[in-house]
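The structure that follows is given in the form of structure tokens.
Chain nomenclature is as follows: A, B, C, D, E and F, assigned in order of appearance, with residue numbering initiated at 1 for each chain independently.
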């Protein structure tokens, strides 16, 4: 199993989620994060003080998936979240050792 | 070492933390996330507009643990966070390559 | 490639980010988390009710890096985020299976 | 017979100089006709009474709603705001329908007059732009509709105060049903007993035309009994009957936004000038007394609460200061027009330690879940104020004393602190019993029929999303 | 000729008793000189009018700004606050510069008098501490500057109301340009048509010295036509011409803070007493009528909106209650000084279902993106109120009727509901057409020159950071 | 000797027409007795003064607290709210105890009269519902308690203004100690010097019965010197002596909630009508002048700040508009009752660029950490206003001029802009020096004894949790 971590632009969330649903992804976990990268942030000015932060609001998706499904998930995210503008984000994958569903105690792919 | 990622219902947090303490887990990191899965969300209505989101508030625990302790941690979480209702959450485990305590620079299991 | 997860004190964020920039780290993802560990929390009192929570505000950095750079990143974080006080945080590392840049579809180290 | 009456004046001699500036030349008219009353209206008084009404509305919405709302958890924020908003609205309509009449007319039969008014002014019959209401000064009148709406705002805020006791665990519709029944069975009768009377130009001829406690001579300048003790005990009864919140004592329930609570407390403070100084019904020197007393008692109580916290916890808190301010406002309410400013300040200093003791020690000892301390602040503070009024009103301590309205023009009545203390105690007891018992019956009946409490799952997830279909924040 | 005029009184006989307390002895003076007018000023009225002005300012900032701001997404919060704050400020300066003169002086030529005033008082020429303005009572005057600033607050809030229709997708500077032009071309003329007249002591001699709709006898106590219909239709036109928000109908756009919306609605409620009861210009019994009507209609409309939601969705919402309250306030505005309190309450009960139908069914059916329902609440509620005024003002239903100011002193005019309904309909139609058409032209021209809409990227990222360089929250 | 006095009137001839409506028949009485003064009280004035007092309280809580609080970081939000709330409360109690007496009675010895009052009214001795205070019109009086509480609200807000300069880095208890000492050693003397005088009916006989600056003829209608310059310089001194915040210039410190700042600025605006127009002490035409000037200067300053930002950064900000509004309010304060509305508007347009220059260029150049720009907005804006008052008050520019109260009834005094400018400059200088030096000594002594600054760790973690044991938000 794989654990996929995707950083995307917040307004793409709904679209990506829908696309993944169609793919048969049953669940995912989403968090609000700030991203730092090539994309430049806006300048904020408060009276005399100017702040340019490169920390931009992003959304992080975490998806546990079977080894089979993982590549297709990555592909779908890459295509759906893409706006061809800098800052579109990344998809990271790590190996998942185990997965357990709390409600039933099941583990392995059936737990996803 | 293992890195355990558990998604649970927010109101179970205190209980789970206590149970893990009893087990000797010295630390963990908690974040607020939104979960998408089988559990259905509430409908919100604002004047004429109806929103049904399946994004539900969850809490994510991240716990680095020794290979020995990991299975018991998983068990305890699974049992404590269980309400036998849909949406109770998942426990994911990945392999941890290294762990470092910033204060001391120690690494390995002693850093946990 | 490695996926580095560092938990640090919030006020150290700017310093760490700068140090990593100097090292050539092009990007990272940051989230606000609560940490539970040896460090003791403050007591809050609201009228008659006293709450001592050991959940303290921390910042979590997630950095995907090449295998070469990873050790130096860890070192820099450990040194910069260090205040020699309890609660300075941890650095965890897991193996990264793949990385993809959404904008271009590139993958591997060039995607970082 | 009538020994003393609620009054907002010193001795009549001086007061007359104040009140009747515009009529200095004219002799006082006993029992003036409706037409004569119209000529005894001063536009400065009308302006003041209308402004006061707006201020009291501001106390409820947004004041009280925010003071309470900031203290609950995010998931229940809207439920508190909504409960206050709707109680205020429903109680407002009810006031126009039957409330004003039940509170401020003579009884359906003479025997009922001491307890409750009749229906002669139900649906606002006979009240229009050309009818007048009495004040506490001879020959000073205000437009009856201004008086109507000023009193209306009191009838609106009182039931809203109650909800703090069982916030985070009550169903919405049953609460509204409770509000309607409680207004009719508790608020209007108590308001009638304390505030109904014939007015200074008429009491000489009809000395029995007054509510029970008014007749006894209980002093309650702006509603310590009618509003705060009344609501406070109803809340306490509700909190006991509904039971504790799920997780009470185990889970942390910190206030979700003390910023909101501070805004609420501040607007309560600002609005309370309408409540207290507005209760003089005219814009005279006594109005300024009530205004100053309100200011000083509040400052003092905010400070003394912060000082106790400094002593006990070494950390004076914003919530403490806000709680103290509200306790001070509650305590000074019945005394506001009677006390000397310096004794009002002392009252403020004293009330906070008392309330602090109740919301910390007593509450923790008996482990009742009075969510927002309606009992500890409003009921206990209200009782403190009601009893203290007997002391601070004493002319011997610089207070305004009481007036004997059975003379025309009225004169100062002889004043005894101990005798007045007994009267105050009686008024407090009657209010506690009446409101406590009737509230218990109402909660019981509603619980058995509609049910008061949501399911545990709903309570956990929050009332906002389950009862109202909304979330307070979507940042 | 003049059949009836805007009036805040019952029959003059009774009203006189009220208004002239202080002058009871003196005979009424027709067409008093400026010096005589100064002696006809009552400080109670002055105090009331100034307080009312402060209350109406509070309706805009922070009231309306929060009511609107809470409903948009976080990323656009400041844009809404800023738009309201700046529109208010710009409209205020414009009022002093030309607005007051264009609204409240005789026409540049007599032929223009029905439509718009001249520039004789531009830059506040001739207005100072010693000039007086008429009220609706014979021989009752107020300082002209008090009247000036009271009316100013109306001119400030009206253009700010418009922005709700196209919130989250408008460029800032073009909006300010629109505000300036719309004030000059729409607001001042309409205000003039509805509110300009010579005053009760002068109309007998100069019966044509009045705005068109005023002359026709349209009843609009506090600005239902001038403020709400006027702004509501301008907003609707803007929303249609600017187009839907990016993602409208696909993305979730829940309110970012209903807490703010509740605070805003509450402050609108509190401030609206200045708006409605202040519109009587003096602190009389009729002022209390307007005050009570405002209170009751709001309570009723808040309740009835919640009830519909209970019926339709089983979940009465805070946003619903707040929307209802505002709908009630809008609807009662033109009727506030005319209706009997019981019919005002009925009006409140009725308006919410109508507005609810528009903001849910109609809006969803026609799929226009009136972001904050300015049309559904302000325009529809305003029209409901304007038409209902013809009914509730009828003396046969306990209303205050209309006055015939062509007599001196003025007398009650004969009243026909159906005839009045026609007049009201005419006034509504003229306002809808004038404001609708001119607004359309303005939006078109500004769009073609400065552009109205930001780029899609900016809209996505939010107006706050892009247009104002700030974020509302940094928790 | 006395050349001119603070005055709120045009020439006395006209003003009398206004003020004495109710006494038109009666001849003016020189040096009326206490009993006669009571008959010279108008209830419209009393209502206005009480409402104004409530409005000024609203400026502090929640107004100023939110305006400031929104600008700090979340972790220090409650510390700001608490500081304002407690300073207001402590200063209120102190006012009743000694402040009023030290500000508004004759000196302990005649030689002290120009500098500070005595203790004859300490603990409110001799002040009750039947004593009266003078206004600026002959034979117009108000209840002394109304005057007492109105002035009290000024004494409450002024020390609270100071804290903005060193927000986020001050210990709570030492700050309260500073407040007490500063009130006694700075505020009461300065208030006495600027505002104390015998009143219009008495100055002819006792022309030396006045504070120093009052005697010199300094014009300060509503407290530009006493409140804003006074607090502004004290804040600046504190900010320099306490030092910069940890991380200043390196870490980002964006406002945690501009929404709160906007609410605060709006409530300051609304409340400021009580401050400025209330300072006329009666509800006359001049009150309306002060009201209109306040409105227009604020609109203009909000707009001009936004315009500069548009020019400099291309992004007009909400914080800029709010800052401009406050700068306008500050600047118009001393001029509010004197200026013609059009010159008040110009003053508003001018003050924002000046303050903008200070809070951006000057502050960045000298790198002092005046956290919330108390110096840049209040002190600089106050000085601008104080000096501009000399210009805009000139009758030649449509201003109200000054009155010569050494005549009875008072008459218009000859007016010279340049002479007045010198007087204003003297008053400004004395205030800057007195407040600056005494504040420096106080900060020094308190720092050496109690310590002013928390540890770096506490400062990093935030004052809320460490000093008050609470968090502002638990979403």
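Everything below uses one rule, namely that a residue touches a chain if its C-beta (ideal position, glycine included) is under 8 Å from a C-beta of that chain, and two chains touch if they have at least 3 such contacts.
In this text, all values refer to a predicted model and were calculated from it rather than measured experimentally.
Considering every other chain in turn, the ones in contact with both subunit A and subunit D prove to be B, C, E, F.
Each of C-F and B-E has its own count of C-beta contacts, and the greater count is at B-E.
Between subunit A and subunit F, the centres computed from C-alpha atoms are 54 Å apart.
Rounded to whole angstrom, the centroid-to-centroid distance between subunit A and subunit B, based on C-alpha atoms, equals 18 Å.
We define each chain's centre as the mean of its Cα atoms; on that basis subunit D and subunit E are separated by 34 Å.
In subunit A, 31, 44-46, 94-95 are the positions where the chain touches two or more neighbouring chains simultaneously. Along subunit F, residues 22, 42-45, 47, 51, 252, 254-255, 257, 263, 313, 315, 317, 319, 469-471, 473, 475 each make contact with two or more other chains. Chains that are in contact with each other form these pairs: A-B, A-C, A-E, A-F, B-C, B-D, B-E, C-D, C-F, D-E, D-F, E-F.
Residue ranges of subunit C in contact with subunit D, taken from their complex: 44-49, 51, 53. The touching residues of subunit B, counted against subunit D in their complex, run 11, 14, 42-46. Listed in rising order, the residues of subunit C touching subunit A in the complex are 3, 17, 26-31, 62, 64, 94-103, 105, 111-112.
Considering their complex, residues 2, 5-8, 31-38, 55, 58, 60, 74, 77-78, 81-95 of subunit A touch subunit C.
The residues of subunit F lying in touch with subunit A in their complex are 71, 252-255, 309, 313, 315, 317, 319-320, 323, 359-361, 363-364, 373.
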